[in-house]
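This is the structure I want to talk about, given as structure tokens.
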Amino acid sequence: MSKTYVPNRKADEVVIFAGPCSVESAEQFDTVAEGLSKMGLSWIRGGAFKPRTSPYSFQGLGLEGVKIMEDAGKRYGLKTITEVVDTTHVVEVLEHVDGIQIGTRNMANFELLKVIGKATEGSHQPVLFKRGMAATIDEWLSAVEYITQFGNPNVMLCERGIRTFENATRFTLDIAAVPVVHQRSMYPICVDVSHPAGQTALVGDLAKAAIAAGADALMIEVHPDPKTAKSDASQQLTIPQFEELLDELRQVAAAVGKKVV
Amino acid sequence: MSKTYVPNRKADEVVIFAGPCSVESAEQFDTVAEGLSKMGLSWIRGGAFKPRTSPYSFQGLGLEGVKIMEDAGKRYGLKTITEVVDTTHVVEVLEHVDGIQIGTRNMANFELLKVIGKATEGSHQPVLFKRGMAATIDEWLSAVEYITQFGNPNVMLCERGIRTFENATRFTLDIAAVPVVHQRSMYPICVDVSHPAGQTALVGDLAKAAIAAGADALMIEVHPDPKTAKSDASQQLTIPQFEELLDELRQVAAAVGKKVV
Amino acid sequence: MSKTYVPNRKADEVVIFAGPCSVESAEQFDTVAEGLSKMGLSWIRGGAFKPRTSPYSFQGLGLEGVKIMEDAGKRYGLKTITEVVDTTHVVEVLEHVDGIQIGTRNMANFELLKVIGKATEGSHQPVLFKRGMAATIDEWLSAVEYITQFGNPNVMLCERGIRTFENATRFTLDIAAVPVVHQRSMYPICVDVSHPAGQTALVGDLAKAAIAAGADALMIEVHPDPKTAKSDASQQLTIPQFEELLDELRQVAAAVGKKVV
Amino acid sequence: MSKTYVPNRKADEVVIFAGPCSVESAEQFDTVAEGLSKMGLSWIRGGAFKPRTSPYSFQGLGLEGVKIMEDAGKRYGLKTITEVVDTTHVVEVLEHVDGIQIGTRNMANFELLKVIGKATEGSHQPVLFKRGMAATIDEWLSAVEYITQFGNPNVMLCERGIRTFENATRFTLDIAAVPVVHQRSMYPICVDVSHPAGQTALVGDLAKAAIAAGADALMIEVHPDPKTAKSDASQQLTIPQFEELLDELRQVAAAVGKKVV
């Protein structure tokens, strides 16, 4: 595992964290990794520990999934990022991936934040910190200090949609969070465009909007065969769909003086 | 007054409706009109009848303001658009402007919608129909039929931010409304970027995001001297700020295959 | 039509505004009026001008409905209250009913508010002013001044549920609005318990809660045969269901030192 | 520590969980315990592990606070309940208190829910499960199965206010959650009236409303000297204020056929 940094607001780059919602098998994950590598991207994401609303839904492959990610990352030259959900597995997961992600449901799980802050203190491993779906931007910027108080400066915030009355989309993407975070803090900001979209057809337009609004990174779910996906089937892009979108994203990024990495 | 059409989803154009929140004087409005004309734009907006939360706030110049708009529009070759707020003045206002706008507070004022539908039946005058700040997209698409049932096809929807718990911005811009409206209807969609922003510093990023998301038009408040404005002082751009932004918007528009008009 | 007053925060009374969502016929309305009169109540409500999300839904009987209400009111000794939706019929409607109501969709239809304020200036006819479904309490208390600036002191506010992400109910009843309005203003406050409930089964518990929270009045939809109702079929109580509930409401009212009228 | 049960929807009882937001000292907690005991109540609540938005706010006394609660509970014959926030201390805390509480920020911390489900499997110790501030009632009822799948039937849900656009109160109490939970599940439901109120003056009316709506329990913050409280100073009642309110609550409870315990 390489000890790398999330670019701290490199003014001219947009990082893409693409990959499947859940790591389902080595074959599935490798297929995506191979695709992303060919497209010239540098990161791959995947879910191993899945926080699901119902205990009867697919809960992820756990540590086995993390190891599948690590293998694929090495094979295809991609950095890896995955979500952690419990204080007890933070240290072990960090041994296998390049970066970790804290999900919306854990934004205010302050015990987890403290453990992650301590665990990443020496490593400089990037932490992607998603906004709680009902958290104000100020609460989010306050909570992030549970992580950064221990010294890891490689924290990137991630807007992923908030809860509102509108149900045409899964969540309401708060696009203004991008300039507001830039205004109120020094953190780079990622936009998860798949969760607010909730359906494939909306992902592309949200992704272009996020880059145009100034996002430092995007998170996009990509799956070799979305209709068979064990989670979030309706919102994942196929590899060819993603590749086509990537071309469009590169043009929008260029229009705002950035390149996609 | 020319009888023109709002472009009904011309796939390669983004219309800009810029202008002051309120028409305050002929001098103020002319200054903006001259600026927009030099920038090559085709429309100017302005508020004459102002729906204000408090009866003790500035209520607009009324019909006098509409006539100031008409004069400036003729002088500088710009089409004009203004909000109507009551059934009793719809017909008279339509004699002086090219298009009218229905504000967020009147989205469900069905009596007003019917009067406007009837009044614009023969004229083909464009109607910009803003989303209620608490209306779902489906309610909005249902309400628009109060206008279109009489036959005027020149209706453009306008997303302007919804009410949520977040107070870092004045309203939460529901950027996903752009692709959702395109998916569920044939109407073009405008994005009012000034009202959700609530502050000048956020306007530009929201405007770029809206174009990248596929908006057919933008509404942006521009004032010769925002700090002295009688309404919405904090969110209006100066003419030079707007001109600088317009260059950026043209680049984002080009990246998605459109030109700004 | 008697010139009466809504009790301005009589500390020991809870006024009940019961009646059908829509006035559908003289027979239907008389049946309810007879029932309410026998139960010892003093008011009856009904909808004649119905603001409906779709232009293809039942729009109400209009002035004919108002006259049906007036007749039944006289016959059964009940005061009548109905919603007005347009500036052009305010004066005429006021000639036939005791009180008028401004619906949630018109809270920020300031032109209508001004006309109502003027029209009721001399008459002291009560005006029930519903909260906009996305309005803060402060915006509501500001908007009410469009009515009261002309001198009619008989305004009663009416909480009717706000728009939130929760969809188990039609709207989220903001029960805290009752003490907050009492804290911030001198106006009495009514609670419409039928619209937030959205289903018959929840109406009773919300009604009891509203009285316990200190409401000065309740609005409850009652219909002789809810399953055939032309609007809001799922949330209206039958006359026997309402009578049973009224007994319970009287007990809760007594527990907080009030009587139901 | 007695092994007792939360009354599973005893149709004729309302349980009161009163006590300070945070356990601050043995003296402070004893003062409240003595007061509640004299009033004939059976439970006392207190916070030992405090989830705070900022890492620089008071974080609670931790296990020391739990032991203070245990001592006071024994001395005054009260059952004790406190919040747990991390999987690592669940078992230890359960040795010292009668019931535990899961806070709004941890409703979707599924790892914590599973640990609590397992830890309370044999003990029948009650678990009070607060609603996430942005969770729908259906998501809440789904999440509770992470706890109950292991067999502990003593789960009580707790409505504590949801996030909405209204800021006159700290959260919007969703009073309709009481009958909805009764309609959709077998769980008893508590209402935390202090957090939505956010200020002392509103607590009483919300408490009366909750009982009238059918709540099986209430949670109310009571502090010997609220103005010096280390957390939630503005919303805690003094002991005399609470005693006065308790009399009113007993009358409302009686009106709906219940007694306060």
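In order of appearance the chains are A, B, C and D, and numbering begins at 1 in each one.
Rule of thumb we're sticking to: a contact is a pair of C-beta atoms (placed from the backbone, for glycine too) under 8 Å apart; a residue touches a chain by one contact, two chains touch by 3 or more.
This structure is a prediction, so every number in the text was calculated from the model and none was measured.
Peer 1: Out of curiosity, which chains are bumping into both chain B and chain D?
Peer 2: A chain counts here if it touches both chain B and chain D, which gives A, C.
Peer 1: Select, from A-D and A-C, the pair of chains that is joined by more C-beta pairs in contact.
Peer 2: Pair with more contacting C-beta pairs, A-D versus A-C: A-D.
Peer 1: Please report how many Å separate the Cα centroid of chain A from that of chain D, as a whole number.
Peer 2: 35
Peer 1: Can you check how far apart chain A and chain C are, centre to centre, with Cα atoms defining each centre and the answer in Å?
Peer 2: Taking the mean C-alpha position of each chain, the two centres sit 49 Å apart.
Peer 1: What are the residue numbers in chain D that touch two or more other chains?
Peer 2: Counting only residues that touch two or more other chains, chain D contributes 134, 162-165, 167.
Peer 1: In the complex of these two chains, what residues of chain B are touching chain D?
Peer 2: Touch list, chain B to chain D: 163-165, 167.
Peer 1: In the complex, go through chain A and note every residue touching chain D.
Peer 2: 51-56, 85-88, 105-106, 108-112, 114, 132-134, 139, 142-143, 145-146, 149, 162-163
Peer 1: Inside the complex, what are the residues of chain C that reach chain D?
Peer 2: Chain C reaches chain D through residues 134, 136-138, 162, 164-169, 172-180, 183-184, 196-197, 201-202, 205-206, 208-214, 248, 251-252, 254-256.
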